[in-house]
Amino acid sequence: MQMHDARRVEVMIEAVMEKQITRALEEVGVTGYTILPVLGGSGASGRWTREGQVSRAFSMIAVICLISPHRLDALLEALFPVLDEHIGVVSVTDTHILRAERF
Amino acid sequence: MQMHDARRVEVMIEAVMEKQITRALEEVGVTGYTILPVLGGSGASGRWTREGQVSRAFSMIAVICLISPHRLDALLEALFPVLDEHIGVVSVTDTHILRAERF
Amino acid sequence: MQMHDARRVEVMIEAVMEKQITRALEEVGVTGYTILPVLGGSGASGRWTREGQVSRAFSMIAVICLISPHRLDALLEALFPVLDEHIGVVSVTDTHILRAERF
Amino acid sequence: MDQILSLAGQNLLSPVILFFVLGVAASLARSDLTFPEAIAKGMSLYLLFAIGFKGGASVAQHGADISLGLAVLAGVVLSFLLPFVAFALIRVLARGVSVLDAAAVAGHYGSISIVTFVAATSLLTAGGIVHEGYMVAVAAAMEAPAIVSALWLAMRGGAGGKMDSDLWREILLNGSIVLLLGAFAIGWITGERGMAEIAPFIVAPFKGVLCLFLLDMGIVAGRELRAARRVVTPGVVAFGILMPLVGAAFGLAVGLVLGLSAGGVAVMMTLSASASYIAVPAAMRVALPRANPALYLTLALGITFPFNLTLGIPLYMALAQTLTGG
Amino acid sequence: MDQILSLAGQNLLSPVILFFVLGVAASLARSDLTFPEAIAKGMSLYLLFAIGFKGGASVAQHGADISLGLAVLAGVVLSFLLPFVAFALIRVLARGVSVLDAAAVAGHYGSISIVTFVAATSLLTAGGIVHEGYMVAVAAAMEAPAIVSALWLAMRGGAGGKMDSDLWREILLNGSIVLLLGAFAIGWITGERGMAEIAPFIVAPFKGVLCLFLLDMGIVAGRELRAARRVVTPGVVAFGILMPLVGAAFGLAVGLVLGLSAGGVAVMMTLSASASYIAVPAAMRVALPRANPALYLTLALGITFPFNLTLGIPLYMALAQTLTGG
Amino acid sequence: MDQILSLAGQNLLSPVILFFVLGVAASLARSDLTFPEAIAKGMSLYLLFAIGFKGGASVAQHGADISLGLAVLAGVVLSFLLPFVAFALIRVLARGVSVLDAAAVAGHYGSISIVTFVAATSLLTAGGIVHEGYMVAVAAAMEAPAIVSALWLAMRGGAGGKMDSDLWREILLNGSIVLLLGAFAIGWITGERGMAEIAPFIVAPFKGVLCLFLLDMGIVAGRELRAARRVVTPGVVAFGILMPLVGAAFGLAVGLVLGLSAGGVAVMMTLSASASYIAVPAAMRVALPRANPALYLTLALGITFPFNLTLGIPLYMALAQTLTGG
């Protein structure tokens, strides 16, 4: 099976920032991503959990974006201003994808 | 701690295809996988979200499969016919696992 | 963008073990992790799904932990006694992070 | 005519419709008002449970005869048949639509929308017009056959599509059919006694839950409309409004032939006029993955559903009453 | 005997049981009918809230005396004791079962199933047979002690198992115990006035929610049965049916000694006969991770629960009525 | 005074409050009792739907005049104004609090807590004291303006913060505002007829759902208190208790000037006294991400909410009745 180099960018970020993040991605032409729900976690700002919460203020999401290596920098630069000042973590992992024409 | 080479296959696919995907995996002897819920996303076919939806038609899942390198090709070949024509993305990442005897 | 080497540890484990796992992490000073919900899966002990379940006994979670390479061994050693005897899988992937000062 | 207008006006100002409109408006204005998926599913399970049971209990009360079987059979035939009509109509009205897409759309219109059914029955109840309790079984019977016709249309057109045992199971043992028929059977078996036990859960609060559910449906429909501007050509809109009328005409004919009550005819028209947006889309994603979901979902949920809800149902009711002399 | 049969027949045809059967059937036929996890949990929170409150309000109405304390104490003793009985019985009936697995199973049978309790009380209410309101507190008290016995059995048998403060918290501050006892206390404190305020939420719609919940339980039980064919030996099945009868005999003796009403005795028998499938499995996964969950879950949910629901409860009721002369 | 104490005592022993206390206690004891997020959101959608609709239906019944518009206007002004008061007060009472954090806190106190509103209206109803149905519209109108003031305070203090069109949409088309106002409008339009249709869903079971919801709120508040011990200085606690009293005084003045009924004044006081913990925190996370959420959430949910719920509301009611002579 033909595989292609790619990067898997995983952003854990507050749910209230969803629109800002996806807009930033779209502005640099990244229209492929998947959003996973997050149950809870822990970080510099303490532990939290979604259970029983009504407000979106204290929930997070994980945005996963598979992207060609050569577009990674544009993506990260688009992300940076949104992440800045906000709670969240970003990791970039080398990966391989099928059907590369789409990324 | 003794670690072993492995691959982490991540398939984002329509929820309606769950049975077909897991059957294909089981047919080539892959009985270890985990299914994560997906909240929403964006791709060539536009944006979507699970919120408020009743029909399973427009939801996705993420199937994660840790597997020994030598079994990867069999797995991908089993996946291919199911993925074909269907919305979805596949990534394969090098990883390391504990307790390799199980994979 | 300045990126730093890191490891992405992904633990799929029974939900009833959540407290034990996070306590073990915190005991070795790992206070950053994110918990994702899991819908279902399959392994040596058969298939399962969350749907319609009331008891927490048969659900799993995915704990994701981004960590500096030099702290990985401490983390794995802390995890091991909790995992032992329990259903679950662990994978460790090389990755890169932004804002490394926090990990 | 006056009667139709007044019925339509009254319908348009019912809380059920207004909450649907609120949902569409909120969604078009891009409010973040949404329902969690689990709540939306929970409400739909409640509605299926309640209408199934009420239908069965009503059959238990009024007795069942051969007419039940005939109506179910007629429903199955209609569901097999209507996709052919829909297929022909969309190919005429919207020439840009491919064979594959036309087949997928056709499947939706042969099947039914259970919420449209519920809206019709609650308008009938509000107007004091009775209908046969077994119409719920007819609704269940009409859900699936259309899928077969759609796949046949696609295959015949060389547009692919596959039909395996998994898909059959998906279609026939679809959760909503099982719950609807199961609750119907249990309502029938336990009759008045069973009804007395659970009436406070399924009768009195029903309308309120329906309002909340239609609010959610409005939100989803609005989202669909907003996303799918590309596919909405004049021909597509015309189909989305004409097809329910054509479907209703078939339903009317069948209802009259079967000798249903005025209410029963109105329900049969509504079922035939309505388009599925839960079960059929899921089956189409499996069997015809290359058909464009934006097209069939926009049609079923964004155009036909609101049309039936607001104007269609009062029209079908008025016609049914006039023509049955009821 | 006649009375037992007629009670059993009537019970078998109640909507509550029929919806359970529908769930099992749907699941065995591999229908995709399922409830979202959040809805299943929401329904179980509702049931705990409602029965806790109603129990407390009933105590407030009828007054509490020493018998409440004695009944709770008796429940705790039964819960500690029954695992030893269950352990011995399964070791005799199903020789292939290891000490560890037997201990885990034993813990389930010492504890209780709250839905079985609810089913029994609603059958009693339907039959116009009163029971002591504080039986809900007895139910809560019986949830946890059995876990301790199970761990002791496992450790004594050299099968491992550990008991730390986390586990104690998990057991004693388990959400369902806290909600049940909390609602019981609030029902007691606010009494008739409180009941008047929330009765329309917890009384009238209760039966309907119970039907939906049992539908879900049936789906889960059916899935369990389908998955766990390997563990179901004749000995295991025999245990799953005999043990509730043995447990009920203990409950009967205790109920008679305590001088409970006919309804109270029937409830005590039901509690003793029932096996936990929510709290105890979770505790076992933590404390005895190597015990086989397929075994204890199939027994508790797939065999004993349906047995109690359909045949057990009417039998316990009939015996309780005969022997108390009620 | 006597009356206040008896009202407070009665309030403290109502099921609604006791379930809140149960939630806090369960959470502090680290019980695993929790509600799924979807259920918590579902209950909050139900409450908004119900109170919006009931408010509108009540306006339809009693007619609306200029006073509705004036009250809404007064609410908007209060919401703009109160943050300045709150900002000044916290800066005086808790000197360690930064300008940024003070601005964020101030935004919460200018806005309102809809559950506090509901608790007040249900206490009024229980006491047979009527209030203007349009107070629900006032509540909706008070949700958002405070956010603007908070951002202005932060920017003026050089503490940053940004205000873009996204944020405006987030604020004005916030789901809870849209649902509250939408249901209010529909209740108004459909009036008595609409109310008759859905009353069994939104009236009778309302109190019970509120109990469950407050149980959940108690759990979340307890968690917050447990987590945020660091931020709770004496000055912060003093602010959390004084500010609602100050807010209530403003509400009282406005209510008297507007000539509201005793119930209306009590509600206006409650709205002014209450602090948002749903809409405003979300807006603050977007616009003032560096403000400390532990501070504002602990204050709003952990201190002021319980204070209002238990002591505040009875006090406001008593004052309103005394001063309006109602």
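Note that the chains take the letters A, B, C, D, E and F in the order they are written out, and that residue 1 is the start of every chain.
Just so we're on the same page, a contact is a pair of C-beta atoms (placed from the backbone, for glycine too) under 8 Å apart; a residue touches a chain by one contact, two chains touch by 3 or more.
Note that the structure is predicted; figures quoted are calculated from it, not measured.
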| item | value |
| --- | --- |
| Third chains touching both chain F and chain C | A, E |
| Between chain B and chain D, the fewest steps along chains that touch one another | 1 |
| Farthest-lying chain, centroid of Cα atoms versus that of chain E | A |
| Which of A-F and D-E has more C-beta pairs touching across its chains | D-E |
| Between chain E and chain F, centroid-to-centroid distance (C-alpha), Å | 41 |
| Distance between chain centroids, defined by C-alpha means - chain B, chain F (Å) | 45 |
| Of all residues in chain C, the ones touching two or more other chains | 36-37, 47, 56, 93-94 |
| Chain E, residues touching no fewer than two other chains | 32, 34-39, 41-42, 170, 205 |
| Touching chain combinations (by label order) | A-B, A-C, A-F, B-C, B-D, C-E, D-E, D-F, E-F |
| Touching residues (chain side chain F, partner chain D) in the complex | 36-39, 41-42, 45-46, 49, 53, 169-170, 173-176, 178-179, 182-183, 185-186, 189-190, 194, 197-198, 200-202, 204-205 |
| Interface residues, chain C side, partner chain A - complex | 1, 3, 6, 8, 22, 26, 31-37, 61, 64, 66, 93-99, 102 |
| Complex interface listing, chain C residues touching chain E | 14, 16-17, 19-20, 45-47, 49-59, 85-87 |
| Interface residues, chain E side, partner chain D - complex | 13-15, 18-19, 22, 25-26, 29-39, 42, 126, 204-209, 211-212, 215 |
| Contacting residues of chain F [partner chain A, same complex] | 34-37, 40-41, 44, 166, 170, 216, 219-220, 223, 227, 277-279, 281-282, 284-286, 289-290, 293-294, 297 |
